[in-house]
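Chain nomenclature is as follows: A, B and C, assigned in order of appearance, with residue numbering initiated at 1 for each chain independently.
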């Protein structure tokens, strides 16, 4: 495969006359009926970006309300629906699809040397199912929204809530199938569509993490589906699967719900970790230290992640023995993540490090994910969790991982592959500036919440005791900065589509197989299936001059 | 193998059955079967949640669970079991027909499978309406005075599990109808019958789920003659 | 926030241990990143860094060492947690009922408080709790304790207040519109002040909004006894629980009961509650399954009053005997919450 790279002229920009996957056909029909994984990735990019805006609006309302201890901006019902819809939209409509459906769809087949995924029509169907489910959730939102938190605990959600639980729950049910089908597609693609010579341990780490993510999507999401279906049935028919008034057990719901939702949080971080591996390798110009350990750690996280759901239920009435088993396992599941952090750090050793925007996001990820992950220890430990459970400490913990981690990785990956996807460069100075603003705004928003939580401020509180106000004001101030950090990329990335500098074929000098195609790629990616002879991130064998 | 060409070349294989993303028919076949097996594993997880709930409540309410099964008509259930097992045989036979280039066998066996599937659904309709008339339908149609809340819970599991299964039977009918149409149009032959085999695999799964449902929902309380209503 | 219970010191020590451990690891990683990023920044393009595959010994080291630390931390935390689930035998029992959106607590003398709980300093207090509607959670940040209230079951928690004072009580499980208003106050009083408050006298120290019920015997014993009569329990179980058609209740609480199916169960709060709401679930050996259910006729509060009364008829050994059954998974299957809505 090294022979291929020598023939590429990195200085050569793309010309208008050249045909790529974007300009083969401009019609709407060609987009809505496309089978091209790259176009499907773009379709997802548009959809999830819209959902992110909605979810952020809800977050804005929440943080505005929480500036003062009294409930003055929103009434209690409106606030309760706001945080519920924020969680549902961000988890199911943004984070879970994000990297796999946008970056994964775009890049995975190319990383494997394939023309497309194994089942392109299924891939398009996944997008339509996502849109259909999102419409259901939006319908629920427009009707007035649901409350109960994204966790839907019965008997509140099934018997007592007065909000639009059913359309929202069914919407999530539908969107779940999009997730399942994408995961299925990626697993088969990774198994069956690798180019000759591309053995498992020559796969880029992004592929490993997408694979691990897909395993979780395929095995865990169906359990959520059936659980939410039962909630809807109970609500509509008034029967008591989970409702003690009628003989049911509300804690059974929690077991079934968390059996999916804990692995789901690994869906929401593993792809980010994969992106970070790619970025750290490329911008240090080194292979990742301990490649096999990092690859297998992804799979370990996926498997272990199925065994720890009960750590969400330490105060929920499950037995002490069950609690102890779940706690011990929860400590162990932190180890593979720690392995990755150490290996990324070691990758920097004796590297040749440059600090373009994607790398800034990657470094930010390592810092913030480390903090978020370490605070997971406080929560895995039984007796500290008793105090911290259902407080803002938990809120801060998961936002450090999901926003400080996954969101930064998503932005890093988006900037990294933006030239490949669009043929344009984004303005680098603005990129760096935005990364910095996001980092500062994020920490100001969420760090005070650790303290507020330890001090006892419960979550999902519309009004709160006055001693917590200082933390809330800091947090809300941070949100305004964070918002700027998120708005800027939206603006300059869109700007770059028309006015951005035309991208060279491989602006980062990356060793990835996806960069051995034209920028942007033609529809079928490779004219002939490449033959792979080396491992991934083989920067010591890449002898080209690095541009920029 | 330079990748500097800037022309788009449509990838068309000579074999129309070979989709553009695959390099060889073997790769296509392997990927398709693997994909269906993976999909079936997701189905197992989904039904698994229901089985879990069933088991939990059976442990909590053994008495009610035992009594509730006595309201089930194991004869119709048994017939349905035989119907589905036979339909798995007929679908396997249709695949054999494709493997041996016998189009007529393929098409007729598929139609027979579909017919058996319909018989299954008709039987379920008979059972469901019997339950409705006896006041065993959960929710506002349930005769709480005569049967307890725990029996209602059992009936809820019964309807959700067999209902979900029934939807899968219906989807199977649609898939097999489409396969019958394709077979009639000479799509399948001994070198290519992948969609047929994949559909057959799905149908076998539907059969197996029923084989688990039947004893759990019909036989756990023991079998008695006289209908058990 | 300074802790004020027997658990607070232990939990805080563990919390700070984990925090310092986390800071050390995080700072270690950050320093390395900053040092490497600076020292190995790209100085000229075309430089090819050495290909370092990895170092297996290093990998093993940073797997094994964190694992050992992690498991040690787990064990430390678990020991405290087990302690949190083992109330001492001499704990005072207080019953708590949560409902949208208020707290009701019943003192041992029988009086009920709304959205407040008075406890003595220095004595362990055990809360036996249930919800009348949805899942709630009793959270006292200053005491570092928290436990869900689940409809249809009893859950337990305990603590010993160590400093007199007024402490926040928050509901910590989303329960609907006024979840954030389902708050209250814990009043920790010295033993003297507590007893004074219970008996209705007001001293400067019992600075609570609601004094103990005057003439203290607005007690559950009499309330429970009244229910016992009005619901007709006496007709089968005897005026003083001596037993007749129905099993003997005097001395029942905390004792072991032989069932008709051969099993033996402990007669704890959950058992009594189940027997009232779903009597057919467990039939005492030698008796007929003829007790009618009181489902729909009694509230959770009523049930607690009845339990108090039955306890007053004599219990077997100490309260402690019954405590373990109510602690974890209930001996009884989920029984519908008494009387919907109220």
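Criterion: a residue touches a chain if its C-beta (ideal position, glycine included) is under 8 Å from a C-beta of that chain, and two chains touch if they have at least 3 such contacts.
All values derive from a computational prediction rather than experimental measurement.
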{"item": "Dominant chain pairing [most C-beta pairs in contact]", "value": "A-C"}
{"item": "Farthest-lying chain, centroid of Cα atoms versus that of chain C", "value": "B"}
{"item": "Distance from chain C to chain B - Cα centre to Cα centre, in angstrom", "value": "46"}
{"item": "Inter-centroid spacing, chain C versus chain A (mean Cα positions, whole Å)", "value": "37"}
{"item": "Distance from the mean Cα position of chain B to that of chain A, given in whole angstrom", "value": "34"}
{"item": "Numbers and ranges of chain B residues touching at least 2 other chains", "value": "60-61, 149"}
{"item": "Multi-partner residues of chain C (at least 2 other chains)", "value": "334, 336"}
{"item": "Two or more partner chains touched - positions in chain A", "value": "246-249"}
{"item": "Chain C residues within the chain A interface of the complex", "value": "1, 7, 10-11, 14-15, 18-19, 21-22, 25-26, 29-30, 32-33, 36-37, 40-43, 45-55, 58-59, 62-63, 66-67, 70-71, 73-74, 76-78, 80-82, 84-85, 100, 133-135, 137, 139, 141-142, 144-148, 150-153, 155, 168, 170-181, 183, 327-329, 334-337, 340"}
{"item": "Chain A partner contacts - residues on chain B that touch it in the complex", "value": "1-11, 19-23, 27, 30-31, 34-35, 38-39, 41-43, 45-50, 52-53, 56-57, 60-61, 138-140, 142, 149-150, 152-153, 156, 160"}
{"item": "Chain A - residues contacting chain C, complex", "value": "71, 76-77, 80, 147-149, 153, 155-156, 159-161, 244-251, 284-287, 289-293, 314-320, 323-324, 327-328, 331-332, 334-335, 338-339, 341-343, 345-346, 348-355, 363, 366-367, 370-371, 374-375, 377-378, 380-387, 389-391, 454-456, 458, 460-465, 538-540, 542-543, 545-548"}
{"item": "Residues of chain A touching chain B in the complex", "value": "3-4, 7-9, 15, 17-20, 24, 114-120, 122, 180, 184-185, 187-188, 191-193, 218-223, 225-227, 229-230, 233, 236-241, 246-249, 252, 256, 516-518, 522-524, 526-531"}
